[in-house]
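Below is one structure. I have some questions about it.
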Amino acid sequence: MSIVGKKFPNLSVNAMNDLGDTFKVNVLEEAQKNNKKVLLFWYPKDFTFVCPTELHAFQAALEEFEKRNVMVIGASCDTPEVHFAWLNTPKDDGGIEGVTYPILADSNRNLSSRLGILDITGESYDEETGDVTLEGDNVTYRATYLIDEEGTVFHEGVNHMPLGRNVQEFIRLIDAYTHVQKNGEVCPANWEEGKDA
Amino acid sequence: MSIVGKKFPNLSVNAMNDLGDTFKVNVLEEAQKNNKKVLLFWYPKDFTFVCPTELHAFQAALEEFEKRNVMVIGASCDTPEVHFAWLNTPKDDGGIEGVTYPILADSNRNLSSRLGILDITGESYDEETGDVTLEGDNVTYRATYLIDEEGTVFHEGVNHMPLGRNVQEFIRLIDAYTHVQKNGEVCPANWEEGKDA
Amino acid sequence: MSIVGKKFPNLSVNAMNDLGDTFKVNVLEEAQKNNKKVLLFWYPKDFTFVCPTELHAFQAALEEFEKRNVMVIGASCDTPEVHFAWLNTPKDDGGIEGVTYPILADSNRNLSSRLGILDITGESYDEETGDVTLEGDNVTYRATYLIDEEGTVFHEGVNHMPLGRNVQEFIRLIDAYTHVQKNGEVCPANWEEGKDA
Amino acid sequence: MSIVGKKFPNLSVNAMNDLGDTFKVNVLEEAQKNNKKVLLFWYPKDFTFVCPTELHAFQAALEEFEKRNVMVIGASCDTPEVHFAWLNTPKDDGGIEGVTYPILADSNRNLSSRLGILDITGESYDEETGDVTLEGDNVTYRATYLIDEEGTVFHEGVNHMPLGRNVQEFIRLIDAYTHVQKNGEVCPANWEEGKDA
Amino acid sequence: MSIVGKKFPNLSVNAMNDLGDTFKVNVLEEAQKNNKKVLLFWYPKDFTFVCPTELHAFQAALEEFEKRNVMVIGASCDTPEVHFAWLNTPKDDGGIEGVTYPILADSNRNLSSRLGILDITGESYDEETGDVTLEGDNVTYRATYLIDEEGTVFHEGVNHMPLGRNVQEFIRLIDAYTHVQKNGEVCPANWEEGKDA
Amino acid sequence: MSIVGKKFPNLSVNAMNDLGDTFKVNVLEEAQKNNKKVLLFWYPKDFTFVCPTELHAFQAALEEFEKRNVMVIGASCDTPEVHFAWLNTPKDDGGIEGVTYPILADSNRNLSSRLGILDITGESYDEETGDVTLEGDNVTYRATYLIDEEGTVFHEGVNHMPLGRNVQEFIRLIDAYTHVQKNGEVCPANWEEGKDA
Amino acid sequence: MSIVGKKFPNLSVNAMNDLGDTFKVNVLEEAQKNNKKVLLFWYPKDFTFVCPTELHAFQAALEEFEKRNVMVIGASCDTPEVHFAWLNTPKDDGGIEGVTYPILADSNRNLSSRLGILDITGESYDEETGDVTLEGDNVTYRATYLIDEEGTVFHEGVNHMPLGRNVQEFIRLIDAYTHVQKNGEVCPANWEEGKDA
Amino acid sequence: MSIVGKKFPNLSVNAMNDLGDTFKVNVLEEAQKNNKKVLLFWYPKDFTFVCPTELHAFQAALEEFEKRNVMVIGASCDTPEVHFAWLNTPKDDGGIEGVTYPILADSNRNLSSRLGILDITGESYDEETGDVTLEGDNVTYRATYLIDEEGTVFHEGVNHMPLGRNVQEFIRLIDAYTHVQKNGEVCPANWEEGKDA
Amino acid sequence: MSIVGKKFPNLSVNAMNDLGDTFKVNVLEEAQKNNKKVLLFWYPKDFTFVCPTELHAFQAALEEFEKRNVMVIGASCDTPEVHFAWLNTPKDDGGIEGVTYPILADSNRNLSSRLGILDITGESYDEETGDVTLEGDNVTYRATYLIDEEGTVFHEGVNHMPLGRNVQEFIRLIDAYTHVQKNGEVCPANWEEGKDA
Amino acid sequence: MSIVGKKFPNLSVNAMNDLGDTFKVNVLEEAQKNNKKVLLFWYPKDFTFVCPTELHAFQAALEEFEKRNVMVIGASCDTPEVHFAWLNTPKDDGGIEGVTYPILADSNRNLSSRLGILDITGESYDEETGDVTLEGDNVTYRATYLIDEEGTVFHEGVNHMPLGRNVQEFIRLIDAYTHVQKNGEVCPANWEEGKDA
């Protein structure tokens, strides 16, 4: 069930940043209280190969997002301690040193299970004992959410595990949505800021 | 619940093309039987403003998709008869004359409700009479699915009503996924064909 | 279950007219607030063959209905946008240009499903996934409702898909019912206004 | 729920004719075994005022129906004995002497309750005793069914109590349907045999 | 479950008399408000053979009942209109002309189903469709109830269809019960008024 | 629910006779195996006042019943031992010495509860403990059943506690039913053997 | 489930005495209101062999019980009328003439079923009809209850049908319990009044 | 619910004897396999005051029981180890040294809970946590069972905690029951071996 | 389900000490009211071999525990009487003479079943009778709980039956936890008081 | 519910070792197939403070465990990739470089949830949406399991978060259990290998 057109879930999640602080982030409140758009992107696991390139790519474009009044938030199901260890690992060693935006540590899966983006492909139930056994690693796909200043989701996208994201496309979607917000128009296909709508 | 990483639903839906033929399309079978990728894109309604620009944009890029062994399919919840009337309306009159790929006519919402992309924002139930009343027009958001040759979904994206899609981004995702298929690698952020992975 | 002798459902539905305005119509309120009778007729689909002849036939008799204080309303499950496109299509091209009464756009099927006139001939339920698949196009039969000034249905009739309606028969039924209202009598078979009851 | 487009219920019901014989009639089988169309009309009660005019009107047109290979069957919830008494009552005394087609005596309401045409407007349930009390006389509205040679209903119509039927309209509907059966066409509005479709 | 020793059901039922008036009768209230005993007898159907002899027999003894402060009420499941037609049919033609006590017209079976005296010998339920089909004509057996001034049933008897009743026996039972009421004694077997108890 | 027109329950019950033998009686089998009619009459309690007069009255008419091939059986909820004590008590002392037909001892109420003739006027349930408390003495009313040679009940009658039965009326009913069996006719009101039907 | 250590059930039951009065007895209240102990003994049936010897034995020891402030009550499921008949039967004829303590007439089994002492050895349920059939005569075993001044049961014993009771043993138990009440001690095995505890 | 007249539960329980052996005892099988009667007596707790006097009293009468082919078995809910410790404690120290019959150690309460003789006077259930809390020590009352050679219980008796048993009374009951077995008679009140029945 | 990190269950249990007093202990309240830590250790049964060595070992270290403000409580499912007998048995005879800390007597298993430490290895349910039969002796494993001053469990350990505990390890755990409480640090592996953390 | 005395759950879990291989480990099978004991210890999170000291402590004692035929396995809910990153972090930097035993990566919590050792302290359910929100980080406490060669758990212990374990105590427990296995004895409190049992 898509949540586009609906409010983002109202839920606080642990997060870590490059200073080593553990704090709570409620994405919906971040958007509404700060009157900002939010780009929230999920990746499967810390300390893997594709993931750091995505984290660095969002970091590289961070100024572009901030110019557009967009807060960038990363997210995985690892713990804050593991995020911090990764944040302290140099880029050349496969780390994400230099990333400054917060990263959610959804270790209890409260948010990712509500979004339905965990890689659980099956669930077997043992009637005799009542035990449930999950199939899959219980980590997230590469899901991205664009949320407006009122907390409404205006884009959601999910990529399969091995497929990295295109940061420019999210900037285009944000610009198009901002254009719609300002001009009360709709944005046709392939629209780009500065080109005719 | 995302369907990335899962098979696309196995379901036949009515479709219309520019010849005026009504026929059945099963997206999963199209991919598996023809050993092709499929790009399936949904738009809310025939005879509206944003939608035709998207349909023309996909038509303009059709050769690019075919070169990549990708079948393009459009879809809305209108009837085949309405699709045909729109296909016969000139582009200048807001029509989609010139579109040659098939368009699903999911008037019974069998496929769109299973994908969870209808704009139903509420459902009220009258306990006394048993009547159910829906809120929303019961038409789809702008959802796009990329499906591989085995019928597995490798990307899904949903845009809010007023937000047109970027055809080039889908070509990038298809190229990246094909790269992964060929090279057994993963594709990092912002990957593009021809650039280093 | 027939609804003759009962109030028409209390429900607002989108509608379109020849001016291109989308507005809400609540059939029950139209009758009660305006102290009018209502003739509501459903047809399966816009841009088909039988349907426009019926829409033109009701238009041709519109004066007769108005003389009798009867409001005529058409209805299908197409969207307002599709109704408007059809209203702008000349009669010679299979369009309904010239129709001036409102046409309901019951795209969410709230009203037609409550009346039980959709062509759903079956429904299969997949116990494992919880998915429901409908058989049929989910469009309406040719159903007609005559409603009095208090909102009570005094005639309902349903024709199979290929069978057009007889406008004169509805005028006869309206006259007979009005005769009963005025004279407190019952109207025997084949009764016609001006003939002896 | 309309039964147009579906088979008529497969059910045997007591019937009476002018010879005083009580016999069983299964409307579905009558149509299928004899390869005939059937016109089945229900009226509320024997020994009332409107009803005999309808019964005489159908009798007067009986030859017209037979020419079209249509079997006419009347029906109410009275017993066969009451039907027979009424059949033996002269027309001038409010009787139906002279009627020769069979009349169903659905005293157990098996068929009328399945068709949903009984005038039950409410049902109260006493939780303490388990007793159910019906509101209404438990007799039928003036419902008419046109059934084709395969037992499929192609028209259903229900008139409120005081409103007599128009026999000619049923002949028109039968002719139109027969025209569709023969020519594979659809019949537009106001179609009449001999006029251009 | 016998209702002897309990109050008669508190329920209003349509009734007809020889004047052609349709009115409501609540047997329990008739007894209590008028401080009378009531003899209520049910017969299966109007316009049959045994039944009129019973109705005439109760009429012939009406004076005897009235002398004993007993109200006589007949009852079947036919409609008031049918009762009136039968009341207007001469005795020689199998009618009940001359009957002056009221006759219940329990066409909705509210009272007879609560008393459990309908000839329903079975009930089949179609699980797929939810339809219920009754076996039997849904008319009553020859049941008789004697009710005292407080509405308490002091005798109930049910005869199989072909078995007429003995009016004198009911007079004997009424006299015996009155004797008990007056003398606070019990009445032994074969007791008759005037004979020693 | 009346059991007239249905088979008598198939159940064995303890019985006692004047010889002091305890034996089992299955009323249904008695009728069917011996090809006899059965008159079964219930009384409330042994060693009371009304009851012995009824038992003696049936004894006095026993020859009449036997001539008609009718077996007479008495019944109460007392034990066989109590029946025997009563059978040994002289008539002058309120006993039933001289009675020769069998008397059922339905101390476990298996048969009387199935017939619904126990004087239980209420039942209270203690939710906390699960205890059920009955109101009433749990003895039977004066119920009488006439059963034919196939075990079908053709008359049932229930008298309130203080009201003795009329043996002649049962003989009349048996004669009438036998007349119907022989002549295939129905027996009108007040019919008596030898009088014209 | 033993009720020793719990209050005796709070329930009124019909009773009979040698004066022929029917009255209500609530065992719990008898104990509490009169500040007495109660010995309640059940026997299976009136007019049998073992039972009268037990009733006479308790009568013979009545003075002993009264001296100890103990009320003796007998009980069976027979009616008060049967008890009275037995009370009027001389001892030599198997009767219990001379018994002066009250005898419960638990004909509705309210008390005996709560105590769980009825000889029901099985219960079969007919799913089709909902009928329950009991196995056993539904009379009690030889159960004895000793109840103290607060209504608490301090001994319960049940003997199989053919096994008579020992009145002296109950006196011993009462004396022992009284000893405990007075001295706050426990009574060892084989304790007897006057012997050392 | 009394188990007199039923088979003793078929269940194996741990037991201890004076040799210190732990072994299993199935009371039902002991009776049936050895063709013996069984006297089973329960006491609340080892190492208390009343209990040893009872255990010694049964030991003192053991020869009397054996002469009558009766096996004596003691029982409490203590463990075999505790029984053994008590068996090794001299009588003068409150022990049961010298007892030679087996003592059940029903620590899991399988048998005592089935017999319903545990002193649980209440049970509270915490809905939130699902926890059940018992009131009472979960030890048994002083219950005694006499079981015949077929395993049928012919006497059960339960004494409140402080009330010791009378060994002679059990011998009397055994003799009486044996008398019934031999002579096919019933044993009247106060019967004793050698006295006239 | 571990209860570490949760409050200890709030429940009163019988207990015994060397003075022979039976009293109630609520472990949670002991900790909270006295602002003490509690060490609660369970052993399977009194009067066995391993168990006394454990009880003596805890007694020997009692001063060490008290120095650390820790209350020691033993526990088994035996009764207070059995505990007292064992407390009076000299150490050389396998007794626990000299033990001064209280010992819980959880004979109703209220606390041990809530902790889930009973040796019940199975439970069979007889559907016909509703009887539940447990497998296992229904005694506890060697479970130990360390509880802090707020009643929170900070260690739980369970040993299989034959495996005695190490008192020193519990002292180490208490010291470590106290260290954490004082210093707000965590205690690494093998930490010991006085060694560097 | 303790699992001491039961088989360890039969479940395969991902694991990582110092070579960087991801492989599956089924603890039960490891014990049974290799005929070894297993020590399985859980810690809350990688990259924290207490945890590495425990991992190093077990590594330091690895030879001792192997000598005793014991396999050591670590476990947390982090992913294999995070384990590997930690294994490659030098001890001085808070890493676990040098650890050679396998570490389970129970990211889907299949095993830890079955053992009941996750720090979930609450679970709130939103009835309207069906969403479940967990309280706690969903990581494990410091739980340790000792499993014998047949897969039976003979010790389980759980420490609160900040409390490190004592490796020597586990060696003691293993030696004691091995002693029991060899000598068929039980091991008293404070037992140590080489000291007298």
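Letters are used for the chains, namely A, B, C, D, E, F, G, H, I and J, taken in the order the chains are written, and counting of residues starts over at 1 for each.
One rule holds for everything that comes next: contacts are C-beta pairs under 8 Å (C-beta built on N, C-alpha and C of every residue); 3 or more make two chains touch, one makes a residue touch a chain.
Treat the numbers as computed from the prediction; the structure is a model and nothing was measured.
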Most distant chain from chain A, judged by the mean position of its C-alpha atoms: F
Selected from D-E, E-F or F-G, interface repeating I-J by over half of its contact pairs: E-F
Interchain centroid distance [CA atoms averaged], chain D/chain J, Å: 79
Computed distance of Cα centres, chain I from chain B, in Å: 65
Between chain I and chain A, distance of the C-alpha-averaged centres to the nearest whole Å: 49
Centre-to-centre distance between chain D and chain C (centres being mean Cα positions), rounded to whole Å: 24
Overall pattern in which the protein chains touch one another (line/ring/star/complete/other): ring
Chain C residues touching chain B - in the complex, by the definition given at the top: 9, 11, 14, 45-48, 77-79, 81-82, 84-86, 89, 107-110, 113-114, 120, 131-134, 136-139
Residues of chain F defined as touching chain E within the complex: 1-2, 4-6, 49-50, 53-54, 56-58, 116-117, 119, 121, 141, 143, 152-169, 172-173, 176-177, 180, 185-191
